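Listed after this line are the structures, all set down as structure tokens.
One chain, chain A, links the two complexes that follow: it is found with chain B in the first and with chain C in the second.
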Partner chain A sequence: MSNKPKIKVLISVIGLDGHFTGAEIVSRFLMDSGMEVVYLGIYQTPEMIVNAAIQESVDIIGISSHASNYEQIGILMDLIKKSGLNDVPVMCGGSIPEQHARALKDMGVSKIFLPQSTSQSIINYITSTVKR
Partner chain B sequence: MVNSIVKKIVNGDVRIAAKLIRDIDDRVPGTREVLKALHRHTGKAYIIGITGSPGVGKSTIVNQMVRGLRTNGKTVGVLAVDPTSPFSGGAILGDRIRMQGHSLDEGVFIRSLATRGQFGGLTQSTRSAIDVLDAMGKDYIIVETVGVGQDEVDIARNAHTTVIIVVPGMGDHIQAIKAGIFEVGDIFVINKSDRPEAEKTLADLKAMINISDKKFTKEGWEPPILMAEAIGGRGIVELLDEIEKHRKSRKALSRDSMISHKRALARFDLTAMIKSRLVEEALNHITNSLDFKKYLDWVIDGTKDPYSACDELLAAKLNFNGDMKS
Partner chain C sequence: MKSETDYGLEIKPVYTPEDIAHVNYDKDIGNPGSYPFVRGYHQNGYRSRVWTRRMTGGIGSSRRTNEQLKQFREMGQTQGILVICDRPSAMPIDADHPIGRREAGVLGWHCTSLLEFEELMDGIPLTGQSITLLGAAPMNPLRLGYIVALAEKRGLDWKEVHGSITEYPFGHIFGQTDNLPLDLNTKLWLDSAEFIVRNKLHLRSGILSQHFQESGGNNAQALAIEIAMLKELLGKLVNERGLDFDDLALIPYELVSIGSRFFEEIAKVRALRRMYAKMAKETLKAKTNKACQLLIAIHTSGRTMTYQQPLNNIARCAIQTLAGAIAGCTAIDNACLDNAYAEPSAFAARMSLNTQHIVSDETGVTDVTDPLAGSYFVEYLTNKVEEEAYKILHQIEDQGGMIAAVNSGFIRNMMLESARQKQKEIESGERLIVGVNELVIPPEEDDDIPIQSVGISDSEEIAQRMENWKKTRNIPLLNEKIAQVYCDAKKDAAYNLIPSIIEAVKAYGTAGEIIGVIRKAWGYHYDPLEMIDCPFDL
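Up next is the complex of A and B:
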């Protein structure tokens, strides 16, 4: 059990968004599926998220968004490119309107999980995206 | 390849260092060669172990200590260990939440680690991660442990100063664990000391240290007990002062006791490393074999008792013969 490489996920809420319940539920079921989750909590800036992703050497980043601060996600995507973290996909989840979801995809977000996404669909996406 | 990784880490490359710690954790082949080459660049950092039960405020204290050390111009590495679920093998690593003030500081490297498996994994990969941060040139490395179990004692031996955090109102708890991690404490901190019963906890700790003075007074160092309210930063300056005093007291040791100290540590370190590799390799060798599956079936259907199955497997796979001492 301890020998196998484990998928390491960073979960964070971004900007002035205090809705942590979704992020914590996701963290919990990812742990229950055998992943290691670095949970950053709320009020994280794009810089804080990128620094943590580098120091923790994570495989994938998950951003929980319930407060329409999509600009922050855009800044995050730019920063990720600038920092050479292109091999770390970013997924977003939350109450994201369709036109914003499309914009996020254009910014390079690899996957959007809308409300009513199942936990299994998120787990499946991570395991199929991260090669470990 | 190995040389270029080593060179980058010694020059402080955060990404390469982070990647190496990941590879250590995942047991990526070849990582050991890097660690071998990296080892001669270690030995400069001062290592502080922070331990105590879950919820006593370890991460909050570490956060404040980092602030204090940074104010003094020191660079800091933090290794924060959280428990792995014994059921799923997953983990939630949440210690960074309490250390967010330092997330943009280039002089601070924070890394979360999960305890992972049962092969002394915490001790071995944390130990190697300490080497990586040491080679990066961090002045101080703070190791925050999960707060339960034998691993705490092990990590204390890797630290130069071990700080044990307690909170008021856990008198019974103190009784319960005093034969374990309390014996390795160089400094005690009563955190959340604005709470009732802080004085009682202080008296309990004092009594414990005084009663067993041989155990606790190591080479002329009597562990101080400090009061703190880490969330407001109270007691942290005093804690850092005591750590410096402890550091100086270690330097002031006689040559003989320094040598025997060093030898004891090296012995522990090497033994722990051998034990970890031995158990892991031997266990894999046995449990991955076809025989293991066969014996397992026999134990399940009652053809063999587990004692015989164990002895016969060890005899067949590792040449263990004769009576096993039980």
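Up next is the complex of A and C:
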């Protein structure tokens, strides 16, 4: 295990959302669990997120969202398909109502973490999803 | 389960006179209406005036929010309105900005032009009720312009309008959308506050600990942050703008976040009144009693509203509203039962207004002022949270004050560390939350509640309208007024921009345009997202 490269996770808040607490808490416990985290912060457009994912060759993308219009994530999923990043799963976390969660999954989002998801459940999901 | 306050003070099973033996009632507490105002500012408390019971409004277009406000009036909300702006306005960028059009109307009303304020207030009185507009500091000067312009159109004296339409420049440190650099944000806040004081307007400015606490900060930290912000901002108005403290003390109001830790929340508000009174008198040399009184409104906590079993949030909201009422305040607005999902639905808004009226009209809480005074436990907690807050305040002051502590990352780290701590306590079961880590039910059995939402088509419609409407404005007049704002913004930092901004607002200049040219004059990119160029020939 120790000589394997670390799992590399991109964490970003998307669009005009300024709520960074969730994304920063997740970034911290992922790092504490031994993963490498590329944390983009707030005011990231789908285009910026995809560019960073390509440049940093990340294994998985995590998007934090607290909004009522999930258009930005839809645009991100389209860009990911167009950029040939299909093997990079996208997970989302935040206060996402059930019908929006379903719509996001239909767009190709691999996993939705709802409010109060435990850190262990997120770590477990990433380690079991990222193929090494 | 832990028996500790949210800032880590161990709680004993019982409190006795010994715990408050050193307290001198007259000096340390005083009657309601007497310094240091622990017990509130009015001897008759709510018998003189019950707190303003209001709901948070603001969703989608100005027309849609106008309908919502009219609906709130029909439900019985007549003392005042509270409206929150959307994210593009908070940046600020206009709806027709490439990113604005993706999110216009999200989490509030889109309000980057006077046209939108006129539509918001269509058929709604500007006087006779408090007008509170919240969302982000960069909109402060625009909102001042809206009030002045609409009051003039309606033949009203500006001074007849009361409420709060400006707010502190630190929101973005605490998770609020706002992309104006802190130096410029602070300058525009000072301009707005100075304009209000010099023109004797009855408009307050929110210096809020709510956002800090909703992002994870604890009760003692919230007090320290609040006092640090007030000290710095009010101090600047005295020292940099030459205002008299007793005049400008009518400006600030605080929105306190009240969670479910009932006694601690009440103690926090009581301690805040004392801390502010002491700072006003001892540090800022207040001459009048009035200048030692910080106006306090309550926001019941959105952070405590769970996604799981949302109907449980009605109970939380009621407990928090009662705590806020007992603590003593001028107004309450609630995070609604659907807070973890979306903007409040009509159902959730009605539940929150009804909850407030159940508390004010059925429990007897309005009969007696500060009813928990003298409780060994509550007085002890009031002293302890204050003591802890002073320790943190001294750390902030050692950094050089609030702005320096923000710039060094001290404030943000403190908040994130506290948020992480709370998360750990929930995951370990040290803190129990019904429906989350106790009495959990399968998701398919969860409560079914109506969800209010804003879709991309709503955002696009707002953007399209703005794009078309912009072309119909008197362009030569607009260009002239915008050029004046730019020219004034190039002057000394203490030169007040509000008069020229009001003129540009009246010419229907938008927030994207007006704040854009000010940014440019200060050497920043016109567009906070650096995607569009300045359309004006300056």
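Just so we're on the same page, the second predicted complex is superposed on the first by the 129 of 132 C-alpha atoms of A that agree within 3 Å, B and C clash if a C-alpha of one lies under 4 Å from a C-alpha of the other, contacts with A are read in each partner's own complex, and residues count from 1 in each chain.
Criterion: a contact is a pair of C-beta atoms (placed from the backbone, for glycine too) under 8 Å apart; a residue touches a chain by one contact, two chains touch by 3 or more.
All values reported here derive from a predicted model rather than from experimental measurement.
Three-chain overlay on chain A, with chain B and chain C fitting side by side and no clash.
Of the two partner chains placed by the overlay, chain B and chain C both lie in contact with A:Arg28.
Within the superposed three-chain model, A:Ile75 lies in touch with chain C and out of touch with chain B [touch as defined at top].
By the touch criterion defined above, A:Tyr39 reaches chain B but does not reach chain C.
Contacts of A:Ser110 after superposition: neither chain B nor chain C is touched.
Touch criterion met: A:Pro5 reaches chain B, while chain C stays clear of it. After overlaying the two complexes on the shared chain, residue contacts for A:Thr127 are found with neither chain B nor chain C. With chain A as the corner point and C-alpha centres for all three chains, the angle toward chain B and chain C works out to 100 degrees, nearest 10. In the superposed model, A:Ser119 lies in contact with chain C only, and not with chain B. Closest C-alpha contact of chain B with chain C, superposed model: 8 Å. With the contact threshold set out at the top, residues 28 of chain A are in contact with chain B in one structure and with chain C in the other.
By the touch rule above, chain C contacts chain A in their complex via residues 87-88, 90-91, 99, 102-103, 105-107, 172, 175-179, 215-216, 306-308, 340-343, 415-416, 419-420, 423, 426-427, 433, 436-437, 451-456, 458-459, 529. Partner chain A is touched in their complex by these residues of chain B: 14-15, 18-19, 21-22, 25-28, 84-85, 87-94, 96-97, 100, 103-104, 109-112, 114, 116-119, 121, 280, 284. Across the complex, chain B is touched by residues 1-6, 8, 27-28, 30-41, 44, 47-48, 51-52, 54-57 of chain A.
Within the complex, the chain A residues that touch chain C are 15-21, 24-25, 28, 43, 45, 67-69, 71-72, 74-75, 95, 97, 99-100, 114-116, 118-120.
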